[in-house]
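You will see chain A twice below: alongside chain B first, and alongside chain C after that.
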Partner chain A sequence: MSRFLFYLILINMMTSMVSLTPRILIAGSGSGTVVSLIIALFVGIVMTYILVRLFSHFPGLGLPEILKAYAPKWFAKPILLFFGLAWYTAGLFTLIAYTIIIIRFLTPNMSIYTIVLTFVIVVTYGVFMKARNILYMSEIIFIVVVPLIVFIQLKGYINRDLNWDYVRIALMEINHLPDYGAFTSSLFIVIGTANLVIFNRVFTQLKKPTGKGMALLTFLLAYVLASTYFLPIGFGGYEPLKTTIFPWIMTSDSIRMKFGIIERIVFIFTGAFLALGVVSIVMHWHVSIQLLASVFDFKRFKWKSFNLTFPLLIVMFWVVAMFVIAKISTEGLFRAVEMYDDYFTPTLLVLLVFCLLLARKGAASKWRKSKK
Partner chain B sequence: MNEQQGTSGAPEAPPLLNTLSKEFKPSNDVVQTPLQIKGECAFLFYLKSVTDGDKIHQTVIRPFFEMASEESFTSYIQSLPNQSEVPAKEQLFVKISAGSVLIAIRDRTFLLDVRLVKNNEVQDTTIEPTVHGPQKGLSEDIGTTINLIRQRYHKPSLIVEEIVTDDETNRTVALLYDNDLVEPEVLKKIKAELENLQTPLFQSAGELQHFLNKSRWTLFPTTIITERPDRIIFNLVGGKVVIAIDGSPNVIIAPVIFFDFMSSMEDNYRVSVLSGMTILLRYIGLFICILLPGLYVAMTSYNPNILRIELALTVAGSRIGVPYPSFFEVLFMLLFMELLTEASMRLPKAVSGTATTVGGLILGTAATEASLTSTIMIIIIAAMAISTFVIPINEMSFTMRVVRVLLLIYSSLFGMVGLLIGFMGIIFLMVNKESLGIPYLRIPWIGKNDELKADNK
Partner chain C sequence: MAEKQKIIKGCIATGLFLMMLLQAGCAFKDIDKRIFVVGIGVDPSEKVKDGFRVTLKLAKPYGNVRQAQTPTYAYLSHDADSVAVAVAEMETRVDKLLDLTHNRIIIINKELLTKDLHTVMDFFTRRGDIQMVCYIAIAGTTSEEAISFEPTIETPASIALYNYFDNTGTESPYIVTTFLFEFRRELLEKGKDTVLPIIDIDEENQEYKVNKSIVFRLDKEPLELTPEETKYFNSLANRASGFSYKFQDKDHSVVLNIYEVRFKYEIILNEGEPRIDIKVTKVGYIGESKHRLDPSKLDKYNKLAAKDTKAEVMDLLTKLQEKNLDPFGFGLRYHATRLSRKGIMEEWERIYPEIKFNVTVNVKLKGTGAVE
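On to the complex of A and B.
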């Protein structure tokens, strides 16, 4: 398996580790999150396997090209539009979540618009990079950031304040039926592979998933899922944690570096995850803008032979983002993410697999026809 | 111009020579002379000022008078090592003015290279000095430069390809590459770039590099300019193309990636741990150089809470009495440091010492005593200035000076988050850059390059 595939999955996973997903998981802690985690892990791995397999039939093609070749237009356009919007929303949620984190924990005096403006130039540039370069960039950021995250995790697990009894209590809730909300939101963590809808353009030699690769991925996903849920509980307690909005930030703020120049680990933590968050936003919006551009290709909308579709789309992206960020409350964001995870993520996955299966069938019959 | 001697029975000069003399006419250093003995006859045409008179005398004039016949003289000339084909007229003008002599015997013409080069001494390495590496660099004469490279690289696959560019001076440009190792795509691109060069004049490697770079706004250099023969050989073995320019003691190496700029030739000459240590130092220097000013602004004006409390208080304490916000303080000191760097670079050596002393010592202490800046700021500026020069290739260290200012602006506007995201932006810029189709910055896992076969897209 290509290492870049890992980055797609892992960055998606780690970004949602800090944002609102842990809260959704912890909200369902009394009712069956543990079983949902296990099921989501299982489903996520199977989905990853299926998606990589399916995409490996179309080397170097993104979803727009696949659908263009094997599906009618009336079918392709709404699906691409839906996917584009879904990816935009995913990126938007990350953006809003990190904006809220910044204003709460780093610069409370700054205007919320200024914080969003911080992202505008860099993310816009990132979105317009070539898909291949986005992968290179994600690799660099990943490699720089992961040692920090491993360090923080290590610091967390060997900390004396970590109370394993709370973790045991949480584990005891295994005897409940799975919780749908917890299942879908942990599914969102696991399912970074779906980014292949555009990034498959780069993978001209996407091989079928290997056993070793899948085992490594399963291990990493299991670790991150378990850490996301159990470590905050170990620090914050089983009951009291239900009232916090960003359990992970609170957890990292419980860890202190006695001899460090930076004493509170939370700053390293937010910094590291902010970097991953920017990469994640860039990835999601790159996918989104490519999908949307394949739907609305304004051929005549030009200025000096320069097609304005992409600039128009990105301006719309930011205008909507500014508007939503100004309006939305944390609670609203929480509800929205919950809704997105409950309805959009499963629909999206099912639709994607369906499209690919259809296209594969189409490809097979076309191939047979050409053979005759 | 020597008019043709009117001795009786002397044959007319061939038409080609007449055209040539017409072309070069008013110039005083043109020589067109017939050689005559007992009915045997030959014509020479050359420019006195660029040819080696002794050599002409030794290899052409004397043998002519010693030889018995035109025939044997012709075959003698043909067998000379510096003889070459007579090219088309345009090229012939270039060759003659670069120091060739045209010999016409009856209806046959020959071109002999008898260049007289005065600037062919090998220069000391001054831009990238090393302790253990070769102490001599290249030469201003392209022949000597190629000789220096060839003498270090004994393989038949080393190709030297001369390209005469279209600029006003018809300067010789030579491409050197190892035919077995070079990537054909890259080579093709470089040749196309050189042939399409739309520039009236270029005189040095730096200038040519500037013209090879197509885009109008570039921050990062996409080719290395070097004067070190060992770096050239190292890169030739790596499959890169070397572009040498006549008259410039530096050559261009292309394509390059970011890590090339961070490597010194010294790294290869030392024990592994030692060179690992130096490389680590260099990268630490790089990060200090670009991040420190932004960090200072972010830490003092936006997020003093990030630092541990004692340190935060020390920093705040040292800023007591400084009458303006931290970003202005940094800009002010940065400006003076850049001025100092520029000044000491352009000044003659005798004066530059004074400039540094006055600037560094006196201005530094006085500025803190007048409480125009904090003492910590002085330390930061000094650390930054030193670490800028740790970057081995000059071009990159200059670029980093600009990057530093960009990051300073970004973190002055947006604080700590701004610094982080600005830094990511710089990474984005580098990752999205290409040097002749080769990605500029990526993690180079050995042996995994073909995993993502997207480079040729």
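On to the complex of A and C.
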């Protein structure tokens, strides 16, 4: 398995780790979380396997090209539009979440528009890069940032103030029936492979998933899912944590580096996750803009010889982002994310698999015809 | 075309670099426009009914610490009907931004523990910029006095109060350390009660004295532990090591220096009477003796020390049990080792007052020190 595939999955996973998912898992879902986590892990692995296998039939092709070749237009366009909007929303949620984190914990006196603007400018530059370069960028940031995050988490795990009894209380909820909300939001964490809809253009030699690769992936997914849920509980308690908005920020604030350069780790920690967050937004919006551009390809909308579809789309991205951030409250954000996770993520996955199966069938019959 | 792209890229890069100019300073507020709060004390107010008197310890900015001969701190007190209002109103009394992010200690008046604790704590946990690794302590007299007291050994540009609790300066088994996040989780979750250190002022020697503590649960009367009890609690619950574990009989009077403590317990309900099996292991050497000691008789000293420690531990445990307080977290362990169901903590509340303690103490002395 290509290592870039891992970055696609891991970055999606780690960005959700601190932002919105922990609260949905801890506060919003009652008691069925543990079983939901296990099921989500299982489903996530199976889905990853299926998606990678299906995409390996179409080396170097993104979903727009695949559908164009093997599906009727009336079928392809709505689906691509839906996917494009879904990916845009996913990126938008990350953007809003990190904006709120910055304004709440890092710079309470800064204007919210300045923060969004700084984000959006960097992200815009990223979105217009080639898919291959985005993957290279993700690799660089991943290598710089992840050791730091792992170090801080290890520091948390070996901390004496981490009370394992709280974690065990959470674990003992295993006798409750799984909760749909917890299942879908943890499913969203593990399903970064779906980014292949566009990034498959880069993978010209995507091989079938290997056993070793899948084992490593399973281990990483399990670690991140477990950490997302259990480590904050060990620091913040089981009941008390239900009332916190950003459990992971509180947790990183509870970890103390006695002899570190700075004692309060939360700044390094959120800084590291911000870097990952930017990469994640770039990825999501890149996918989104490519999908949308394949739907609205304004051939005549040109300035000299320069097609203005992409600039138009990105300006719309900005405007919507600014508008939503100005309007939305934290509570509203969580509602929206829950709704997205509950309805959109599963629909999206089912549709994606369905499209690919259909295309594969079409490809097989075409191949047979040409052979005759 | 390529030429044009180069120009566009160049423009974007220049724009990004120009943005850096805006980023100078700490979130648009320079350090000389901020004043750092290094200690917060909360008392009940005498002027405002049901209000609070908040005292802030402010670090005065100096260009060069060596110039400072006089104390480098200023103190500010204000009465208002809530902590947030008091802090907000104090902002009109200083010319700079009150920066709470560097505060490391919050001192609370004893009376507030039984009165308005929720209102007090709410401010500190709701504000994202206050560290969760703040120390929480109780004032022996009033918080105002404890915060604004300047011990003779306090050096300029260091804060004596921090050194007591952060285990990088003095390390003593008499000093209990409780962080804000611990306090929050223990206060809001049933099963483990909080222990807070009491900061006294030694009027004769002009120093702080931190050797007592207070055990506390929301709906219960707080229980003050004597220095001896604090030491035994701390040595078990927090594995505090150090000198001054003393034992005495007819011909011996020995002080032990313990460097390792192990504390394990198990709740046993299904073998006869409900009991908690507690196993304590202490490793150390002898620090002081009134008589010459025989190194070959270490076993005998081990037994004597174990007998003495066992009596002390039993006393502490039964005293806490009589008051129905549980700072060791037995209730939490009970909850953590049983599959979750309704009413599990009510069950424990019925069991705890009746439960028997079965303490085994094991002292392992490794030597008699540097002399016999």
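Operating definition for what follows: the second predicted complex is superposed on the first by the 369 of 372 C-alpha atoms of A that agree within 3 Å, B and C clash if a C-alpha of one lies under 4 Å from a C-alpha of the other, contacts with A are read in each partner's own complex, and residues count from 1 in each chain.
Just so we're on the same page, a residue touches a chain if its C-beta (ideal position, glycine included) is under 8 Å from a C-beta of that chain, and two chains touch if they have at least 3 such contacts.
The model shown is predicted, which means the values in this text are computed figures rather than measured ones.
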> Between chain B (first) and chain C (second), which, if any, makes contact with A:G192: first, second, both or neither?
Replying inline: neither
> Which partner does A:E263 contact after superposing on A: first (chain B), second (chain C), both, neither?
Replying inline: both
>> One more residue to check, A:Y136. First (chain B), second (chain C), both or neither?
In response: first
>> By the touch definition at the top of the document, which applies to A:G237: first (chain B), second (chain C), both, or neither?
In response: second
> Is A:P209 contacted by the first partner chain B, the second partner chain C, both or neither?
Replying inline: neither
>> Output check: A:D161 vs chain B and chain C. Expected answer is one of first, second, both, neither. What do you get?
In response: second
>> For A:T107, using the defined touch cut-off, is the partner it touches chain B, chain C, both, or neither? Pick first, second, both or neither.
In response: both
> Between chain B (first) and chain C (second), which, if any, makes contact with A:I121: first, second, both or neither?
Replying inline: both
>> Let me test your reading of the model: by the given contact rule, A:I174 touches which partner, first (chain B), second (chain C), both or neither?
In response: second
>> Quick check on my understanding: which residues of chain A belong to both its chain B contact set and its chain C contact set?
In response: 106-107, 110, 114, 118, 121-122, 125, 263-264
>> Considering only the defined contacts, which chain B positions touch chain A in the complex?
In response: 302-303, 306-309, 311, 413-418, 420-422, 424-425, 427-429, 431-432, 439, 441-443, 445, 448, 451-454, 457
> Taking the complex as given, what residues does chain A use to touch chain C?
Replying inline: 31, 104-110, 114, 118, 121-122, 125, 160-161, 163-166, 168-169, 172-176, 235-241, 243, 249-250, 253-256, 258-259, 263-264, 305-306
>> For a test of understanding, state which residues of chain A touch chain B in their complex under the given definition.
In response: 2-4, 102, 106-107, 110, 114-115, 117-119, 121-122, 125-126, 129-130, 132-133, 135-137, 139-141, 143, 202-205, 260-264, 267, 271, 274-275, 278-279
> So in the complex, which bits of chain C are touching chain A?
Replying inline: 1, 4, 12, 15-16, 19, 22, 27-29, 97, 101, 128-129, 131-133, 166-168, 179, 181-182, 184-192, 238-239, 329, 332-333, 335-341
